[in-house]
Each structure stands twice: as C-alpha cells, then as structure tokens.
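So that you can tell them apart, the chains are marked A, B, C, D and E in the order they are listed, and the count of residues begins at 1 in each.
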Amino acid sequence: MQNEGKQKIWKDYQKEIADDHYFYVRSCIRQNFFPGSEQTFLKILRAELNKDIFENPHHTTCSGIGYHSDIVPFDTIQTIVARQFALMTEAGYRNLAVSCITSFGIYNEIIETWKEFPNELEKIRNYLKKATGREFKIPQNVSHASDIIYKFREDIFARKKYSLTNHETGKPLKIVEHIGCHYAKMFPGKGVGGAEFPHVLVGMIESWGGEVIDYPERRHCCGFGFRQYLVMSNRGYSISNSKKKFESMEPYRPDAIASNCPGCPMFLDRWQYVIEEMEGKTYGQNGRGIPVLTYEEMAGLVLGYDPWDMGMQMHQTDVEPLLDKMGIEYNPDLKYAGKDGKQIGQVKMAGCKC
Amino acid sequence: METTSFIWPFTIGLLFITSFLVVIISIWITSLSRIDKSRIVHSIFTRKSLMAIGEVFMESLLHRKIFRKNRMLGYMHMSLAFGWFLLIIVGHIEAWNYYHSFSVPAYKAIFFPYFVPASASTNSGKVLAASMDIILLFILSGVLLAYYKRLNSKLFGMKKTTKLKAGDRIALSSLWLIFPLRFLAESVSAGIHHNGSFLSQPCGQIFASLIPLQSIEAPVWWAYSCSLGLFFMALPVSRYMHIPVEVVLIFLRNYGIRVKKRIGGFSRIQVYSCSRCGICLDSCQMTHAAIKDTQSVYVLKHIRNRNLTDEKLFNCLLCGRCQPDCPVGLELNNLRITQRIESTKEYNSSYEYLKNGKVAISPQTEVIYFAGCMTHLTPSIIKSMKEIFKVANVKYWFMDEDKTACCGRPLMQVGQYGAAGKLIDHNLERILASGAKKLVVSCPICYKVFNEDYSMSGIRVQHHSEYLLELMAENRLPVNKMPLKVIYHDPCELGRGSGIYHQPRLLLDEYVELISVKNEKESAFCCGGSLANIKIHMNERNQIRDKAMDEYLSYQPEMLATACPLCKKTFAKSNNLPVHDIAEIVYMAIHKNKIMNPEEQKFMEKSKIGL
Amino acid sequence: MKDFGYTVIKQRTIDYDQFDGRLLSDVLRMEPSFKTCLSCGGCTATCSANDLVSFNIRRINLSLRRGETYELESEIQKCMLCGKCMLVCPRGINIRNVIMLIKKSILKYKSVQL
Amino acid sequence: MKHIVIIGGGIAGMESACALTDAGHWVTLIEKEAQLGGKLNQWSFLFPDFTPAEKIKDTLFDKCQERDFSILLKTEVKSVQTHQKKFNIETFGGQKLEADAVVVSSGYELFDARRKEEYGYKIYDHVITSADLEKLLRPGSDLSVAAGKNPKRIAFVHCVGSRDEKSGNHYCSKVCCITGVKQAIELKKRLPEAEIFCFYMDLRMYGKHFEELYREAQEKFDIQFIRGRLSEAAEKMDKSLLIKAEDTLSGRPLKMNVDLLVLLVGMEAGKGTATAAAKCSIEYEDSGFLKTNDTFLFSNFSSQEGIFLAGSCTAPMSVNDTILHARSAAMEVNSWLRKQ
Amino acid sequence: MQLYEQLTQDIRFEEGLNSCMNCGICTAICPAAEFYDYDPRMIAGIVQSKDESQIEELLKSDAIWYCGECMSCKTRCPRGNCTGLIIMALRSLSQELGFFTESEKGRQQLVIKRVIGENIVYRGYCILPENLIPELHPEQGPVGEWIFENRKEVYKRVDANYCGEGTGALRKIPKESLDEIYQIFEITGGFERFDQIEHFSKLKARSMGFSDVDEEFTDYINHTYTTNNGKHNRP
C-alpha cells in the first residue's frame, strides 16, 4: 500500500470544524447502548479541552430512524430538525455538535435541500412557526462529535495516560475503523477525508500510537439498514452484512474495531455474539471476539478514564483483551457493579462470552 | 485322389469366412424386430425373393447403378464382381464336367488347372478352358483399371476417393494379387502341361522359355492360394465385407425391411453393406466448404469401427444428395439420424411449460395456415400468404401468428425424437381441436414433419406451393406472366425429403419463365442453411451457398425462386440475385394487376427487395 | 443452539473466485464461435420458446461464464432448437450446437459434482 | 511570406507546421518540453494495428527535419496580443514574435486517476493506469507483480474519468475502449496464462478495424468483457485486489480477485490548453476543451479570428484523427491568409 | 394522476434520479443487492421507463423494502443519482396508496409505526431502553438482558439521566417539547402517514383473516414482525 494517493485525498477533503461553542445534540441509539460515550465526550470537551458545549433538555430525537424506515414524511423530519435549529438559535449558538451519524446525515441532507430548493426552506419555516411559534437560523457549522475529537486529537494525546500500543512489545495496536455510512457517503465533502478514505478515525488512531488496518470490506455498511434490523424477520440482512465484514477483517488479526457511528459499534459487538451462538465462530484472538470501541471510549482509554465509568461493561464482546494489551489498570470485580460498588443483578453468561 | 498342401491357405480362409458370415448374419437377423422377422417369413417364398435375386444380379454383379453414373467405373466394378463370379461358376462347371460329379471339393474347382493338367483334351474341356481364359482376361482388364484408378481417379468421373485403413489395405492388396497370380499360376501350369487355352498356353510357352517352370509351379499356386486365403481372412475387417452383406441387404430390403429409429440388426447390415466406393463424396456439398471427413462413407466406417464422434455425426446437412447416388441404395440419412438419436437420447426435454395454458384456444376453421418459425424471419412470405388468402377468399386460422411451439422437425434432425414428440403432441392437440380439413404450411421443414409424424387422419397437409397450385386450378388466383428468367431452387425437405418437384414448377410456369439447370430436382443443391447441421460454421454455410449460387448465376437468371423461407434467407444473404418465395411471386402478380404502374412493376421485378 | 428468529443469508453475489471453468472451456473448445457473443439479445427477441415461457437465451452465455450451472441446466431444457436465434445472431454463433454441447457437458460433469 | 506561430509541439503541431511550410509560409513551432512529440512519447504501440508509436514519431520528426521552420523547445508562451490584424507573441524566455496567424495545438492531459478514489490509484500497489501499462508493454519489460510473479488475473476498467459526473467529465474520451482492447491483447500475448477481463459500460468501437480488433480479443485471445462499471477496488493481504461491479447483464453483483488492475484513463483538456485559451483569449467549453466555431464545417476555427485550433485541444482524439485535424487546420490557415 | 407524475412531486425523487445509464455501480456495492433478490439499477430503470404498470408492480412488491438506506449508492453514481432517495419516494407513495400491504416486507410498516413512530411522538425518542425486550431482541445477548433488567441502575452507573428531569442521556423529554412535536406531526402530515399505515394495514389484516383487528391487532403485528417466506434471495 502506498501513501501518496491517500495524502492527496486527505488534503482534498479537509472540512471546517468549529473550535468552540457547540450546541450538543444527542443520539437516541447511542444513549441506549453507549450513554457513557456521550458523557465521556462532554467530559473530554469540558474537562480536558476547556470547551463550551451547551446542552438543552428540550431537544428531541431528529426522528431519523423513523424517517429512514419511511414512517416519517420528509416535511415532518425537516420541521423537527428546524426545531432543533431553533433551540440552538435561541440559545445563541451557531455550531452544531452532533452525536449521531444518522442525525449528522440528516442535518446535512436537509441543509443541502434548502440550499437547492429555497421554497422548501420557506415552507418549513412556516410549518415550524405554525406548530411551535419558533424561528431559526441555519447553523454555521455542523460537525460530528468525532470531527471535534479529530480536530483536537493532538491536544488529547498531549494529556494521554496510555497509547494505542501494546504495552509489552511497544508495537502499535492494529485497529480497524468503521465509519458510519451517513457520515460522508452522501456528501463526501462533509466528512474529514471524504467518503472513500475518511481520515476522521484514522487520524485519531495514528495520532494515538495505533496502526490502522485497511481491509477489503472496510467501506461496507454494518447492516443496520433501519427497517432491516428493526423487524425481527429482516435481521438476517443485518447479521449477514456484519459477518461479511468480520470475515474480511479476520485475516489481519485486528486488536480492536473503532467506530464513529451510533448503531455500528453495537451491531459489530452484538453480532459477534450471535455468530458465535449460531456457528461457533469467533473472529478475535484466543477464541475471543474483537473488542469494539466508540471513538469516545478510545479517547477515554488514552486519557486514562476508567473503562467501567465509560460504560464499557455494556459491551457484549469483552473489551478486556484490549485493556490488557494497552496495559490499562482496571478492577474486574467492579465491572458489573453500581455506583455504590455493589453488583447490579446477574449477567447470565449463557455459555458465551465472546 | 492327389492333394497338395498349398490348398490349405485357401481352404482355411474359405471355412473361416463362411462360418464368420453365418454367425454374424444370424446375429443380425435374430436382432431384427418381431415384425421384421415375420416380414422375412412371409416374403421368403414369394416373388420378392426373385426380385431380390434379380437385383443382386443387376447391382451386386453387374453394378448397373455405377454404370449409369460412369461407364468406366461401372466396367471396372462389373469386370471384377461379375468376372469373378463367372470364374467361380465356370471353374466349378469345369470340375464337375471333368469329374462327372457335383460333389467336388471347392479347392478342386479353384485350383483345377493344377489338379487336372490334361483337361483340355476333351472338346467340352477346350470350350471351358477357353471360357476361363476369356473371363480371366475380362477380370484382368478390370484389375488394370483399378490400378490406374488409384493413380488417377478423375478418369472415372470421381473427384475424390475414400481413405483406406489397415484391414482395407490387406484386403485390397490381396484382391489385386488374386487375379494376376491366378493368371501366372494358370500360365505356368499350361506351360508345363500344355493345357489351358488361347491366353494361358502361349503365355506359359513364353514363361517356359525364360525360366524352368517345374521349380515355380508349386510356389505360384501357393501364392495364389495365399492371396485368396488372406483376402477371406481380411474380409471381416475390410470394406469388402460389403460383397456378402449386400446380398443379405438386398433380400431384406425387398422384404420391406427399413432402417428404424433405433440401432438394430438391419442398420448394422446397412453399415456393413457400404463398399466405401466413395461415390457419395462427390455429391456431398460439404466439400465445398472444405469439410472432407464427415461424409456418409466415413460416418458408416466410424459406426463400424465404433469411433464416431459428434463432431462428424452432426456435421451434415442431411440434404440427402448422397442417397440417390449410393450404388448399394443405403438409407444414408436414416442411418445418420439413428446414430443421432443414440447420441442424444439422454437430453430430451419435457417442455412442461407447454402445459401451462399460455397458448390461445383453437378456433373452429376449415383451413389452418402454419407459417413456421423460419417463415417468421421472412415476413414477406407471411404477408404474401395473407394477401393470397384474402384474394382467394379463404377463411383460415393463422395458427402460429402469435405464440406457437415449433413443429418438432429441427429437434428430430438432431435426433431428439423424444423431445419432438412433446411438441408434436402439443401442436396436434391444437390442430385437431380446430376441426380443420386442411393444413397449409409455408416451411418445408414443418411440412415434412406434419406430413409424416403427425397422426391426423382427415386433415390434408399441403405445402403452400401445392395449395397455391390448387387455388390456381380453381381459378381463384390471378395469373400474370412476368417476363423474368427464373431458376427454381428445390428445397431439400420439399424435394428429396417429400418428393414435391412438380407443383412448384407448374405454378411458376404460370408466372415467370422458368429455366432448368443441371442440378435440380433429385440432384438439386442444398442452400447450405440446413438446420440439420449443428456443427457447421456460418462462413462454411456461406461457402456452400456460394458454390450453389455460382452455378445458378452461370445461367444468368433474373431471379431465384424457392419455396422455403430458410433457402430464401440463405440465398438472399449472398446479395447477388433477387430471391423470392413462390408465394411472394404470386403476390407480385396480384399486385401488378391491382395497382402498379409500369415503372413500379419494373422496380418490383428487378428489385430483390420487391416486397 | 439459540433460535434468533433469523439466519445468516447466503450471498447472492457472483464470486468469480469460486468459478469452475470446466464446463465453459469444454463448450468453447467445441464451439469457439460462442466466445464472440456480444450480449445483444437478438436471440432472445426472436426466440420461439420465449413466446411461451420466460426463456432468455442470451443469458445462457452469462450463466455459463458465471458458473450458474444449476440455473443453466433447467433453463436450457426450454429450448426447442428451432434455429431462429442462429439466423439473427450478428456474430453468426452456432447457438444450437452450444445448446446441445451444454446439455451433454452438464451431464458429463454432474457425476463429478460441478 | 506570412508567419504562423504554432503553440504546442505534439503531433498536431508537428503535422500542421509541416503542412504550412509546404504551403509556403514561415512557421515557428513552440513547445514547452525539451522534445517534440507530446503525449505520443508516452505510448509504445498504437491501436488498432499495433504500429510502434516510435515509427509514427520518427516519421513526423524526419518530416520536420526535412522542412525549414523554426522550433522553439523548452519555451512557453507568456502572452498573445492582437494588434492590427497581427499577433504579438511573447515567451517567458523574452522572445517576441509577430505572427499573421496562430495555431493552438496544446493537446490534452490524461485524467489523474487519483481522483477516482475508490479505485485506489497510488494507494494500492497493483493499480495502474493505461499510461503506466503502456510503458510496461515495451518489449523486454518486467510485468511481474507481487513476489515477482506474473499476474494471473488482470482487469481493465473502462471510463475512468470519462462519462462521470463525479470526476467532472461528462463526455466520452473515445479512445479508451479501443486502448483497453489493444492493451488486453498485448498483455495476453505476453502472458498467455493470464485471464483478462474488461469492465465496460458500452464498447465504443467507432473506428476502422476497431470492432474487428474487439472480436479478435474475444475470439483469439479469450478476453472476457463484463458489462458493469467497477464500483470499488480494495487491497487484500496478499496485495491482490478485490474488485466489485455489477454484472449488469446477469443482474447480480460480482466480485473477483485480480492481481493487476488497469484503469483506462480518459482525456482532459488539461492545464496547457486552459492557459493557451486564457493567453489567446479564446473561448472554451464546459468540458474544458476549446470551443470550435461549429461542429461540422469550422472545427479548426477558434472564437477569435486568426487563431486556429488543431488536434485534441478541441476534443478527445486518436492519433489518426489528430493528424487529419492538424492537416485541415493548416489548410484553413492557408486559405484564410490568402483571403487577407 | 399518473404514478410517475406522483413520484416526481417528491423532492427526493427529483434529487435521486437524473438519468440512469445502467452501469450497475450502485448494485455492485449495495448491501441489499448482496443478500436480497434486489437490484437498485433495475429500480432506477423501471421508474425511468415511466411504465405505469411496472411502477405499480414495483410499489406493490417486496423489492422497494429491501433497501437499507445506507446511501452507499449515492457516493459512486457517475450520473449523481441516488437509488436510496428514489426508494424513499417509492416507499412514501406505496404507503400513500396502500400498496405497501401487498408485500410481506411492506406490511412491516405497521410494526415500525407502532414502535418507532409512537416513541417519537409520545416520548421524543426513536428507541427506548424499554423496547429492548430480550425475547424480541435475542441478539442483545446476556449483557443486553442484564442492562434491560437492571436498566435503572446500569444507566445510573454511567451517569445517564434515565427518565430524569433536565439534561443528559435518556432524560425525560419535557411535556411542552412533546406537545411541539405533536403539533409538528399534525401540521406536516406526519399523522396522516400514520393513519394511512393503520388504515391500510387494518384492511389487509381483515382480508388475511386476522380477527382481533378492531382491538389489539397483536396477531397481525406479530405475524408481520416474524414472518419470512424465505424467497427473498435467489440461490
């Protein structure tokens, strides 16, 4: 593999990322599966980078999952998005920091639609006014949360406690990245590094001492497919797509998978468990699964945050192999413990713990 | 009774070949179908056997058919076959006459001059000896011709001869030696014993003046006996097997036995009856495309040797041109189809989809018109037929106007009889449901199969050339003779395939000036487009077509008429003569009467895209 | 084993690396004209069988080249060998021979599991 | 005697210079490179008959040598000013020329395949362009890929940078189809064991003998043509490439591993032509190629009187078409000058 | 109005289809084309043909419901088309006309409306921890089950504000905000879409012989949630 082509691409696709004063919008999926990651993001921005990031309890879902499973009409989602913009405008912010890739894609799609069809914008302004009495301005800057971490990756590394290296051998850890489809596939210019070779996670991983593995199915969708996962009888689609990715990455023996998408890390995590249940197959080393991380978790680990504080116990596929390689100190006994240190309920291992 | 050891090669050979023939012919005859066996039983003591004897005499001995084709070649074959036959008969008469007994062993008759040196002393002996010399001279003249034919076959009107294999070479060499050695042996004996006649005696004298004959008498008779023995021994592995088997064939054929769809005793007999004379090579148009190893003679040879490949078996137009020329009268097309059936018997499709009722229900009608797949590629024929039906005020059902199964003939031509049967059943059901009395067909390929393989009693199948002739006879078609010189090309399936030569000509005579050509009717060319050949390449087809076209062009016609959409399409592609189907010519005449001004007429007549 | 209510789906993608070319090379060796197919579809347009049943003779070439032997075997049974395709083919491909060759070759390889 | 300045010393420039000299004019040919011949220098063999490019170049070169006109190598035009029906041309070297007419033959540039990111040119080791392959096709060159082995399976991708909104080029580059067929045949001759595939959308065999060559590629060289635009290439561990396309005629996605991927790069007007257009103040089209007065009768006329166009600065062209276009340019210049 | 014309009213259709040249680049990387008998190129081909009967067939077929809306097709199309957007327009029209109930996959819209749709309007989120019932989501595994059963404590452990007031993950969306969402649905046709889905599903459920249509509707919903006829990918 040569670098010349990638360098050109990364140079061609550099997007503008606001450097402070963000209006944060959360993700419905992430808050269910990785609520700790969102908290970690806020902590990094506020505590480590001293940034101003505003949260408003009134913002709701962007309704993107409904929109992409086609039960929410385009006008409706545009107006819901316009309402988020109104909240941002009212709070005096111009920069949107988006936790969710689906939302990120939707914000971009809608803003682009309004650019192309000004009548549509007027129509939505009227709808919003009529429904809520609110008015809004289009954000100056829409960045995905991973864009912001990417922007400050060197600052984060300056405060590192660990790096993405094997603490025993000193060798970089091999990490495969998975970018959410709606990050840049629709609008390559809206993503750091474009659609084909996004730099957003690569930049983080490389800055933090890891090695990025480019495997053949890197660009392939995790298989969420909205309605394809939401309905049980369609889930064969979802698992099959993830499986295709695992098969493709397996020969490279990756130490971890990192993702910037809400759904993907959950799917890549859970489908490893299902495949082991169904076929007895594991893709990681020593018969265990490949740990799957959100970029915030990855950043948190580098900064030395406690994995259980970040919610890494909510992964089905064990993250311990990665923690051990990085030489991170953690208390295994507290994995399933509550704030008070007492065990919460009982995890039924059901014979499988990837 | 005096005896000498040289008789053994001959005697052993004779015993071997006699028992071999008895065994193999019995096997073949036992493997005939029950019906065929009863045919033999019921015919054996009838006139049919006499007819067969007559045919054996005319064909196996005198080679009448070859004579007709080429006198020199006929003479050669006759001198050898008939001469040898006479030699054996007269030799025996000589022996019987001398010993006054009919129970003389064969070798006594064959080697008579050796055993009875003084036979010429009686008058009858003299006559017989003279006859023997005449016969020998007759045969030797044939042998000389045969030698010469090997060097220069053109003299015999043959462009090609067959290639030989080992068994043939042994048999051929021994055959070529038999008569010169007989002549030598007889002359030597005559030189010693002063017997013989006008040929052997003087020759014996001359030999005697050159060498001491006593020392060579036994060796030359040995050589003669050996050549006979060798010939008999080589017979089963050589093409000369045809000599005895052909006789059986002629009898069975006269009893009404024909090649079936299955390989059996009779088809084996046919195969062994091939003399590999190679006459079929000359009539085969495949040679025009430089394809020289797939002709009937080779295919029959490969069948005998069990090494026939699909590449050869299927590389034949089945035009049937070779068949009338075959001196043995073999059913060459049928033999090939039998093999094709065998080769493809595992691949017959069931065409389940025909049962799903996608096809329209048959309306009630008197006349059905079936254009055929090929005709759908020449829409002008369909257009013409529609117009003709209209002009003649015929109510008809155009059966394959929209969706119809193929007639089945193309499948049959490649041996897929089982599959064809499914299509036939399907079409038959539709035809019968219409209550029609007449089925008019535009494609000779369909015509043949409708005629022969669809059991529809009460329904008359007519090719449109027959049908149009009939309409004309009833004065239902306008007649308008055009001043055009036209050659009629006989389609294979219509002409040789179905025997329809005259109807199209009678019809055309009313519309154009028909000129006749050398290769027409039975010997008409194939256009090269035949569906029966699945191996031939397009450029090879074109070469065959061009050769035929060249011959037609030499007559400077203004149009080529045919009665087959495939022939039309094939010839039309050569692009140097307007080619029209009979129906189109009738259509032109109708239109000329109706609407056209003289200039348009001129254009129509001269233009190859007249319609 | 746990029942999840769904299973992993087999890929529909043509995986060329799994392609067994024996049938193809057999047919092309015997009928090289078949190499020149342009996929123009003239054959399918004129096909008599296609009038009665969905039968895409153009796809025979593709099925053969993509190793879809199962599909090929059942599809090819539909052909009536009427010969129209051959006459309209702009490359003069001997399609009827191709059909017969495929029928034969499939049978030949079936015993050794294509 | 009239003086004509020709900008661009590729084959169009060379040919029109010769023709104008023969017509009795004084010609100055300006070329920015150190040698004449332009893009032809990069090519080894020409379609459709595999004529060595060298041969064409040498012939043209000899033709130039035999004629008396001035050639300015390593020279770039700085400005072109119109003054009383004359053109004042200044070069960066400070030379000043006065011309009665100008011929622009600034040629084309090859599409930069790095812009089709999904094919990984300059990222994956065994992805090359048709121009790279052309160099490899010189006799005696080494064709081996990973671990010194010859590629077993090779794929050609048609329409790279042509007919592609994403690359900004809506037009067809015309010559890539036949180039692909030509190169596939050459590769097959060198590597008879290799399997070769061409992924195409349409095969535009517009020229004399092109279709015949395509047929030969199928018939004699067993090159397989798959209708489907390549969607992406990805490198595997062994450096082979996993490529994906839809086999559109089967209606199914298709993937395969190849050892070498050749991108048939299209033609673009390029920088040279853009600067020429700017300096001469002549119009160009959306595609970037220079605008001709009309498509049929005045294809050598630019938007400005006295400035003529020759060759592939006006549209993608084959060598053959370029030479013809250059000759016709010379003829148009000549008749225009006579009328003056 | 003709179906094609109705499609052109959808802005996403206008964006998604310029003119397709059938190159197949979309199908080549389409995740759905890989696992379903689905070819986005052909979808574009059919709508481009403006053949009304084919478009109607499409609107009634499973084919339009296979797409996962990952939008990978958008990235590569040399004509700047996006089959994903065409699919969205087709799905909208199919629901408007009630054609969606003609296909197995289309009928699933009801269950999605019931879960996701109602979550959005009444809770302000698409997905809630309460939805992840282990029996319906066995793939969430033992950890998922543990989270589900102990959700209050687990979410508290990672500083989520589950069902709480104020900011934070999983917070309760204030009533006034939910009212605004309700109004937006009312005004922008969101409820109209919901009603169409309910209405046509009810008709279909009746014609399919489900009895509890007027009350709980659970049998039909369970049916659509779990049925897979296994004919969605060719061998």
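Basically, contacts are C-beta pairs under 8 Å (C-beta built on N, C-alpha and C of every residue); 3 or more make two chains touch, one makes a residue touch a chain.
Just so it is clear, the structure is predicted and the values come from calculations on it, not from any experiment.
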Fill in: Labels of chains that are neighbours to chain C and to chain D
A, E
Item to complete: Name the chain whose C-alpha centroid is farthest from the C-alpha centroid of chain B.
Response: A
Practice prompt. Report which interface contains more C-beta contacts, comparing C-E against A-D.
Written response: A-D
Response to the item:
One chain's C-alpha mean falls closest to the whole-protein C-alpha mean, and that chain is C
Worksheet item: With chain centres defined as C-alpha means, what is the inter-centre distance between chain B and chain D in Å?
Response: 64
Discussion item. Centroid from C-alpha atoms only, then distance chain A to chain C, rounded to Å. What do you get?
Written reply: 46
Practice prompt. Could you grab the centroid distance between chain A and chain E? Build each centroid from C-alpha atoms only and quote it in angstrom.
Written response: 22
Fill in: Distance between the centres, which are taken as Cα means, of chain E and chain B, whole angstrom
74
Worksheet entry | Per-residue multi-chain contacts in chain A, two or more chains | 195-196, 219, 232-237, 239-240, 244, 274, 350
Worksheet item: For chain C, which residues are shared contacts with two or more other chains?
Response: 2, 4-6, 9, 11-13, 33
Fill in: Where chain D touches two or more other chains at once, by residue number
118, 227, 232, 247, 252-254
Practice prompt. Spell out all pairs of chains that touch, sorted by label.
Written response: A-C, A-D, A-E, B-C, C-D, C-E, D-E
Fill in: Sites on chain A touched by chain E in the complex
26, 28-32, 35-36, 38-39, 55-61, 63-66, 68-76, 78-80, 83, 105, 113, 116-117, 120, 127-128, 130-132, 134, 181-182, 185-186, 188, 195-196, 219-221, 223-228, 230-237, 239-241, 244, 270-271, 273-274, 308-311, 313-316, 336-339, 344-350, 352-353
Fill in: chain E to chain C touching residues, read off their complex
33-37, 138-139, 226, 228, 233-235
Worksheet item: What does chain A use to touch chain C in their complex?
Response: 232-237, 239-240, 243-244, 274-275, 277-279, 350
Response to the item:
The chain B residues in contact with chain C across the complex are 310-311, 314, 344, 346-347, 349-351, 353-354, 356, 358-359, 373-374, 376-377, 402-406, 410-411, 414, 416, 419, 423, 531, 534-539, 566, 569
Worksheet, complete the sentence: Listed in rising order, the residues of chain A that touch chain D in the complex are 1-6, 8-9, 194-197, 214-219, 251-252
